[in-house]
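In the two complexes that follow, chain A is the common piece, with chain B as its partner first and chain C second.
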Partner chain A sequence: MPLLPPRWRLLFLVVAALSLPVIAGIVWLFLTGSFDEVHGLVPTGPLALKRWRFLWESIGNRPPIHVPLLNSMVFSVVVSVVVVTVASMAAYAISRLSFPGRSMYLGLVLMLHAFPAVSLIIAIFYILRLLGLFDTLTGVILVKASLDLPLGIWLMKGFFDSLSWEMEMAALVDGMSRWTLFWKIALPLVRPGVLALGTFSLLSAWGEFILPFTLIVSTRSWTMALYLQSFIGEVFTDYRVAAAVGLFYALPVIVLFLLGQRYLLNVYSGGVKG
Partner chain B sequence: MRRYSAPLVFLLPATLLIVLFFVAPAVTTLYLSLTDISTITFRHPSWIGLGNYYSLLRDPFIGRILLNTAHYVGFTLLFNVGMGLLLALLTSSVRERYGNQIRAVWLLPRILPPVVYVLIWQGLSREAPYGLISDLLGTSRNWITAQPWNVIVLANGLVGASFGMLLFTSAIRAIPQDLFFAAAVDGATTGQTVRRVVLPLLRWPILFVTAYQTLSLLTSFEYILLLTNGGPGFYTTTVWSLHAYQSALSNYFGNVQFGLGAAMAAVLVVIGIAVSLFYLRIFNFRALVGEPKVEIN
Partner chain C sequence: MKGISVRLEGLTKHFGKVVALQALDLDIRAGEMVAFLGPSGCGKTTTLLMIAGIYQSTAGQIYFNERRVDHLHPRDRDVGMVFQSYALYPHLILFENIAFPLRLKRTPQAEIEQKVRQAADLLGIGHVLDRRPAQVSGGQQQRAALARALIKEPQVLLLDEPLSNLDAQIRLQARGEIRRLQQQIGVTSILVTHDQAEALAMADRIAVFSMGKLQQLATTDDLYLRPANVFVARFVGHPPMNLLEGGFENGHFTMGTLSIPVPSGHLKGGGSLGIRPEDATLDGEVPARVVVIEPLGRETLVTLRLGEMDFKVLADQAARPTLGTEVRLGYRRDRVHLFDQAGKRVAP
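What follows is the complex of A and B.
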């Protein structure tokens, strides 16, 4: 609000206090992942690094850490690239080209954007089995990328809509094809949108749990989410090991958060779904 | 035909993926719900018409599950919208820099991988001397088992509140500044300004967030699955979408009833389609599709 209330410092204290649980959770993760024993948020034992041994040896009958780590990296990077490419192409067509059924297509996209895709998971399981893609990373990548598409198309359409027509007109008059124009002129101009959508789908794929949990069985295709889950799903969870694994898994996200909070805030304020 | 070759090329990949993983699954859900497909009959399911829907109606636990679903959606929604609104108002009433920092903190639960987020909740809810909640309340309990609903609503709420917070913040920023100055000149206190100026102008965003989150909560079960898996005990925190998922895909009873799960999912799919079509109507779709200005493909 343009006018600060006279006692805004008090309000700040209130809202900071409300946010303490979130901070406490992160602190717990760091402490429990590093100290031998933690009571509440107070370390009572010495620093213990032996629970990080999952980094150099396999624990139980789990695969060595590089397998899920690599899978997760491939999964999130490929999903993000596919979403950005496919969504931008479709968004460009909807924003710039004229074809029959254009407004119906946009309506479909908008409807799917609101439609809760999780309710399709049972049928997706069945379809992946029919396609022979069940229990493969490729299958999960395709599903995850598809489910992010409506949001991506919608977001990118907004960016393409705000481009000026003059430049495109000039390029077309000079004889450039739509295809070259899209890659050489239009796409570079919407870089903020590409970055925002890329970041969003990267983070969302990195954290994705339900899809790999449902569509992947064999440990060689595990992602980090499944690897961590295997420590929590045990009868007696060793929270120290689980927290170390969890910290390792969440570290890229936390680092990105620390480096670019303002940027992330913009990404998630830009109409990205929750 | 050449005239439309460009749109065709641009739209082909997206259309293919949407048909394969949105349209086909929606149709498949409806189809499977009319068969007796299960682990045993996976290869040769037979058509049983509305049989699955009848057994749903006759299920003695269906009342319990509906009640759980209402509880989950209702309370989480209340927390999400209320907390989102409170956070948006508070962070908009302090220095911009501090407000942004607080908003960024609330983004954390949303961007953390859900499994890590749930692990943190489990760690904080442990018995004394390990769990922070037990420490603070002075009673040693495993709070997930003792108060499953409160933990589920809070865990979902801390993630969900940021959605409303961001949306309401943008809406507050979009209010013309003159209104605030006019209110101040008229001697309105901050409380009066919020109540008489800001809140009435947030009516649409609030309606939107409520509508949007009702639909996504109705079908979401990720955090419940990870926190309690529907327990503790029998169906204590099982909601509709989780029950559908478990009937169709978890081997709890050995023979999974794919068809029955599909029938439960089909109900959600139909609700989802109906509600999202309704959104198209109220959020004025026509205005969003301007005609392209360059007619060369």
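What follows is the complex of A and C.
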């Protein structure tokens, strides 16, 4: 590898220094989850598999691992599908159609995007109770999807804005309705955006803690985040078991991130044509 | 002729407060190719998009034969359209691009195959049908767009600056091809262009637009020999017509100290006199000084200083004068154009 030019070397050092705590945390997670004794970041005991026993038996009065795992999967996938579907349609309408209140709606979406969602949690609690959706996965899915939608709509709008008008005119003249035009021309052309937003909301839902923590009580509706949290006690925490569970919880994210980082870059570069 | 006639009645389009098109009446005959010619922002593309059904007209009616279509969705109008950017679907191979209108009509696969191959071979793109638009040349994209527009055998073919994104050389070739194809099929066509050479070469008749208004609809010859007003006179023809502004009196046109006898002796008041550079000569009576000489190969474009203005003369190569010398400007009496104060043609 050729040597980096001086100013890049400095940048590299800064980035490395900033990343160090995060990397150390991940290494700690790996080591503590795998070895019997760990001093600092140095394993001193033999490999220990007994803290992974949560994989094959229930621990305490917690549900077996497949329950929160399945719940988390359903939660993330459904949230992601809902966000992508609704955001694409809304964004297409905003980008391409003129309707009364369009600019006001745009402003509202932007404001909602900037709004701290946690401050709504009590109102959300009451609404879900009213709807009979409190303590259900469906309820949390609805809430999480709604909170992710403003970002999704803005992102997808950026992608749709970059499509050529002439191409849509051609599609109309060729005999398409707006609806088929959306499905057969516009949506396939913003595929990078769909994949980016899909991956983004999948990850965001997978890591979501506050909403399930507040809106779910019964253990049968637990997500992985709640399962992990249950190992962190007020008085005593067995960090070794917590680390093993945490590692298990993080693995899918790491895999998905490696697969989807190409698309995720699109989210963070602001919906420039991919 | 399988083409249909297109009739526009009082067609008007407003964008907010901007009037893009003002009460346009226009008759296009079956099987004819009409060019909409004008500078950008003159309303020609707006008109085309209203005929296609993409824009809703603010007022007025559009008829295909005797059928009123202005309230119909584009897909129910049976038009084919080629866009300046070609507007091919980038995610589909050329075959699917061309086949798209047929797929929407649920045409059987065998018929689609046969029609697409036929159209592609006719346009010479049969060997690139399995490529995507980005993988073929601009000329091939343009042909694919044309094939897509023609594949459903439309009643009207709309061409929106179809050649402006092509290289000069391919453009000349494509110009001839489109015209030949159009005449062969006999489809009524409208060509929008800002390039007069294109309009003159391809169209049966030309509609000249300016400021959202139709200035003149005429054949190439009429447009050139009898421009309806000063705008058309200046816009059509290259190099443009010389227009002298002055007044008419006693059978003469006067501008400053200059006095030129005109054929229509009855004219009075302000107006302008137009002489095309090719109708002027350097062996007349009006004294003028040579200020610029541009050799064009076959001819020479000579710019003269005439009173307060420049006057261009297209002279024979052999008759090229010397820069700075005094010459005698002449003109063909039967080829002068006279316009009144409002710019309207009054004679001959």
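Just so it is clear, the second predicted complex is superposed on the first by the 237 of 274 C-alpha atoms of A that agree within 3 Å, B and C clash if a C-alpha of one lies under 4 Å from a C-alpha of the other, contacts with A are read in each partner's own complex, and residues count from 1 in each chain.
Basically, contacts are C-beta pairs under 8 Å (C-beta built on N, C-alpha and C of every residue); 3 or more make two chains touch, one makes a residue touch a chain.
Quantities reported herein were computed from a predicted structural model and do not represent experimental measurements.
Student: Once both complexes are superposed via chain A, do chain B and chain C end up clashing or fitting?
Tutor: Once both complexes are aligned on chain A, chain B and chain C fit side by side.
Student: Considering only the touch criterion stated at the top, classify A:L47 as touching first (chain B), second (chain C), both, or neither.
Tutor: Touch partners of A:L47: none, neither chain B nor chain C.
Student: May I ask you to decide whether A:L189 touches chain B, chain C, both, or neither, giving the answer as first, second, both or neither?
Tutor: A:L189 sits against chain C, while chain B stays out of touch.
Student: Check the residue A:A17 against both partner chains and state whether it touches chain B (first), chain C (second), both, or neither.
Tutor: So A:A17 meets neither chain B nor chain C here.
Student: Which of the two partners, first being chain B and second being chain C, lies in contact with A:I232: first, second, both, or neither?
Tutor: The first partner, chain B, only.
Student: Which partner does A:T180 contact after superposing on A: first (chain B), second (chain C), both, neither?
Tutor: In the superposed model, A:T180 contacts chain C only, not chain B.
Student: Residues of chain A touched by chain B versus by chain C: which partner has the larger set?
Tutor: Between chain B and chain C, B touches the greater number of residues in chain A.
Student: Output check: A:A170 vs chain B and chain C. Expected answer is one of first, second, both, neither. What do you get?
Tutor: A:A170 contacts chain C only, not chain B.
Student: Quick check on the superposed model: minimum Cα to Cα separation from chain B to chain C, whole Å please.
Tutor: Once the two complexes are overlaid, chain B and chain C approach no closer than 6 Å between C-alpha atoms.
Student: Which residues would you name on chain A as touching chain B in one complex and chain C in the other?
Tutor: In chain A, residues 169, 172 are touched by chain B and also by chain C.
Student: Of all residues in chain A, which touch chain B in the complex?
Tutor: Residue list for chain A touching chain B: 1-6, 8-9, 11-12, 14-16, 18-19, 21-26, 28-29, 32, 38-41, 85-87, 89-90, 92-93, 95-100, 102-103, 105-108, 110-127, 142-143, 145-147, 149-150, 153, 161, 165, 168-169, 172, 178-179, 182, 203, 206-207, 209-210, 214, 224-225, 228-229, 232, 237, 239, 242-243, 246, 249-250, 253-254, 256-257, 261-262, 264-265, 268-269, 274.
Student: In their complex, what parts of chain B are in touch with chain A?
Tutor: The touching residues are 4, 6-11, 13-15, 17-18, 20-22, 24-26, 28-29, 32, 86-87, 90-95, 98, 100-124, 126, 128-132, 135-136, 158-160, 162-163, 166, 169-170, 172, 177, 180-181, 184, 190, 193, 198, 212-213, 215-216, 218-222, 225-226, 241, 244-245, 248-249, 258, 261-262, 265, 268-269, 272-273, 275-277, 279-280, 285, 288-297.
Student: Going by the contact rule at the top, pick out the chain A residues touching chain C in the complex.
Tutor: The touching residues are 164, 166-167, 169-177, 180, 185, 188-189.
Student: Show which residues of chain C lie in contact with chain A when the two form their complex.
Tutor: Listed in rising order, the residues are 49, 52-54, 73-75, 79-81, 83-85, 87-91, 100-101, 104-105, 145, 148-149, 152, 158.
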